[in-house]
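The chains carry the letters A, B and C, assigned in the order they are written, with residues numbered from 1 in each.
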Amino acid sequence: MKQTKKARLSAGQIALIVIGVLFFAVMLVWPLVEVLYRALKGGWALYWSAVTAKTTLSALRVTLLAAVIALLVDTFFALAASWLLTKFEFRGKSVLTTLIDIPFSISPVIAGLAFIMMFGRSGLATPVVNWFNDTFGTDIALVFSIPGVVLATIFVTFPYVLRELLPAMNLQGCAEEEAAALLGAGGFTIFRRVTLPHIKWPLIYGMVLCAARAFGEFGAVYAVSKARGETFTLPLEVDALYMSGGAEAITQAFAVSSLLVLLALVMLILKNIAEWRAKKSY
Amino acid sequence: MFIETRQLCKRFDDYEAAKDITFGVEQGKMAALLGPSGSGKTTILRMIAGLEQQDSGDILINGKNVNDVPAGERGIGFVFQNYALFRYMNVYDNIAFGLKVQKKSKAEIRARVTELIQLIGLVGLEKRYPNQLSGGQRQRVAFARAIAPGPSLLLLDEPFAAIDAKVRKELRVWLRDMIVQVGITSIFVTHDQEEALEVADDIIILNEGHIEQMGTPTEIYLHPQTPFVAQFAGNSSVVEGLPGFRGFEKLPKGQKILIRPEFVDAFKTDNLQMQPYADRAEDGVVTGISFRGSSLEVRLKVHGITLLTNRSLERREIRLGEHMNVFLHRVYCIEGERTQVVENELLKDISME
Amino acid sequence: MKQKRNRVIPGFGLTLGITVTMLSLLILLPLASVLIRSFELTPAEFWETITRSNVVGAFQTSILCALIAAAINCVFGLILAWILERYEFPGKRLIDGMIELPFALPTAVAGITLAKMYSDQGVLGQALSRIGIQGSYSRVGLVIALVFVGIPFVVRSIQPVLRKLPPSCEEAALMLGASRGFTFRHVILPELTPALLTGFGLALARGIGEYGSVIYISGNSSKNSTQVVSYVIMQKLNSGSADYVGAAAIALVLLAISFLLMFLLNLVQWFAARRTR
């Protein structure tokens, strides 16, 4: 039955709305405005020079590279894992689900630490990497290098795509896939022709969230990246500028931050589009 | 009249849910708002309850205008379609809710709830949660919860919709008995004509937001005033004209006619009881037989027209393609918005014989 | 039985292989190495490392501030979710679309911005100091940063439940004469509790381990008890001697505490949900 929303709100309801909107304005909108204000405080010239500085551009490159690789890895994992978790019943499924969620509840600093423990000086896997380098004459370093940044980004963003994909896959059920399998379709055909059209928008939604998280990762990357202008990402560049302490450097830090704010806003818009499309396709 | 509505109107954005609804129910009676989905019956019930505000019109309870009385203070008990039991409260707390709101003493609450639990026959299940109850038990709890604070009017929104067909009939009788026992005036909404005919003292038939007809079940059934009511109450077929049927020669060609299965008799030539009709009957061929639980529904083709009739399982077996005598007792002529009963003229001859 | 039936669909072995391999290599193995390395310490050394006063203080600060922030988020998250689902007002869609901003905004950006906003150079910081509260470089600032990063968890946990809650439940209470407040406390709140706990747990987990958004605003002073655990770990990694093993030991305790809290929350939730299973 249709229901008309009550046109007139009571005083209590208006008070609730005011509290909510005020909280939203102070906690979420104000910081956004503050970033832009502080970024432009030193004038356009300073802003432009900060944004186009060599270190900034290098950091932008590293950020995008890490995010894209993490996104690909996470999406590949999400597709495989969501197929596994929604189409089959097996022992240990709930344990597996819990393990996959670990990065959600772990400090990013621990993620960075974990990679140093693995691949750093006297790390557990360091002999393996050294052996590989000796044998093939390569010079791969897995921490304090680009691969380390990528690995740390993957770690913290690992379950993001999957989390958004699982509910959609669950909703979709198995009936259509079973029907297709009984008609003799192979696994990849079933996935591409039957499953994918249903989960397209939830998948994109998850990828957007994952990318947003990847752009902004700080703690984990901070632990494994030490070379400004080489392995620094944008958030690390912001940190470096901010911590150097000068008033001008701080303004530059906010200028670089404004790039990240822009990225975040683009991601939010994409997220809302994907969400809206996902809702519409059900 | 204990409860009355006067010219109730309600409009939702693009459609009119209630147009000029005026009716009344006497103290202690049980009325049914009967209509297909979208006929506005639930909206009318919700307006009486105060859950929906009418655009215009008045609602009177016991002679007092309650237009501006909030829902919780109208003295109305409401049983929701899905019962809306509080999931996080057990049976006892659900029933006690309305009493707690009234700030009754613990002892009073205990006494009243215990009495109600006995009344609905769920002794021993006080500590159960709604999800641990069957559909029928949930409805009993919803009923007890609604009448616990002692309302003077009980409203029920599709009270049997969520229940298995098998339990439904049983529960119907139970609810009817309960309401008589408690002596409360009640109005229930249903889309099931059988339910309304069986349970209600009065029926209000609704269609597209307006009242088609009001009356007792017998009146509605025997004297449907509009085509809608004629088609809605009972399982009937509509044809255009009755060419070749003796006794109906006076009907104009192409006249819209509604035929009820109860008024169609089909019998074999050697049926002695039906002998007086045999000479005046038409020849029909059995084109379909379907099992309807306690009887057979037989489809017959007579003069190119398909008629339905019910046949008791006690009677002789018939087969597809078999020829039978078919006698039509009466039909309903549809003229615009009215219907009129037309008797078979040959019946006069039979009664004279 | 179920297992066999579902095997009509191909791909079990393949997806299981991919999932387990990737999970092991990228998540479990690195985490296990933290565990293994922290065992290089003798029990006495381990104990000594994690009971140093600055470490214990950091744990207290992290847990306390995360708890307070999660509690604040429960209140405001509930209000935001409620007004977004129940009322119509201008700007509603914009707010709904921007709730995830703290997810999308890099924590470092949020961190430096909040630090400036609530310092005595910022408008809000000045307003706070007028009523005698120091914003940035105190535990208050720390809590503010954690409220910022945690708010979407609570709002997004509650919203779907509120949306699915049938209006007839409230109407039933209304018909029985209950006031709005009474209905909210006795009918709606119990329905929302599991979701509220989920949101609380997510915000808490995020808060305890948070790094980027808090290090600028907190001041990281051991004396003022504004050092968080993540900062202490990072300090050990970055100090000249690079005390990796010590960092691993503290990380291990942080992990244990996070898991313990998650376990407790799941337990509470399980009890709360038991009735409606």
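Keep in mind that, in the parts below, a contact is a pair of C-beta atoms (placed from the backbone, for glycine too) under 8 Å apart; a residue touches a chain by one contact, two chains touch by 3 or more.
Worth saying up front: this structure is predicted, and the values here are computed from it rather than measured.
Looking at A-C alongside B-C, one finds more C-beta pairs in contact between the chains of A-C. The greatest centre-to-centre distance from subunit C, using averaged C-alpha positions, is reached by B. Separating the centre of subunit A from that of subunit B, both taken as means of CA atoms, is a distance of 58 Å. Per-chain CA centroids place subunit A at a distance of 17 Å from subunit C. Taking the mean of the C-alpha atoms as each chain's centre, subunit B and subunit C sit 55 Å apart. Those residues of subunit C lying in contact with subunit A across their complex are 2-3, 6-12, 14-16, 18-20, 22-23, 26-31, 33-34, 36-37, 76, 79-80, 82-84, 87-89, 91, 95, 97-110, 112-114, 116-117, 122, 124, 147-148, 151, 167, 180, 202, 205-206, 208-212, 216, 229-230, 233-234, 237, 242, 244, 247-248, 251, 254-255, 258-259, 262.
Listing the residues of subunit B that touch subunit C in their complex gives 49, 51, 71-73, 76-78, 80-82, 84-89, 97-98, 101-102, 129, 131, 145-146, 148-149.
Contacts from subunit C toward subunit B in the complex involve residues 166, 168-169, 171-179, 182, 186-187, 190-191, 275-277. Interface residues of subunit A facing subunit C in the complex, by the touch rule stated above, are 3, 5, 9, 12-13, 16-17, 19-21, 23-24, 26-32, 34-35, 38, 73, 76-77, 80-81, 83-84, 87-90, 96, 99-100, 102-118, 120-121, 123-125, 151, 154-155, 158, 174, 177-178, 181-182, 186-187, 190-191, 209, 212-213, 215-219, 222-223, 234-236, 238-239, 242, 250, 253-254, 257, 260-261, 264-265, 267-268, 271-272.
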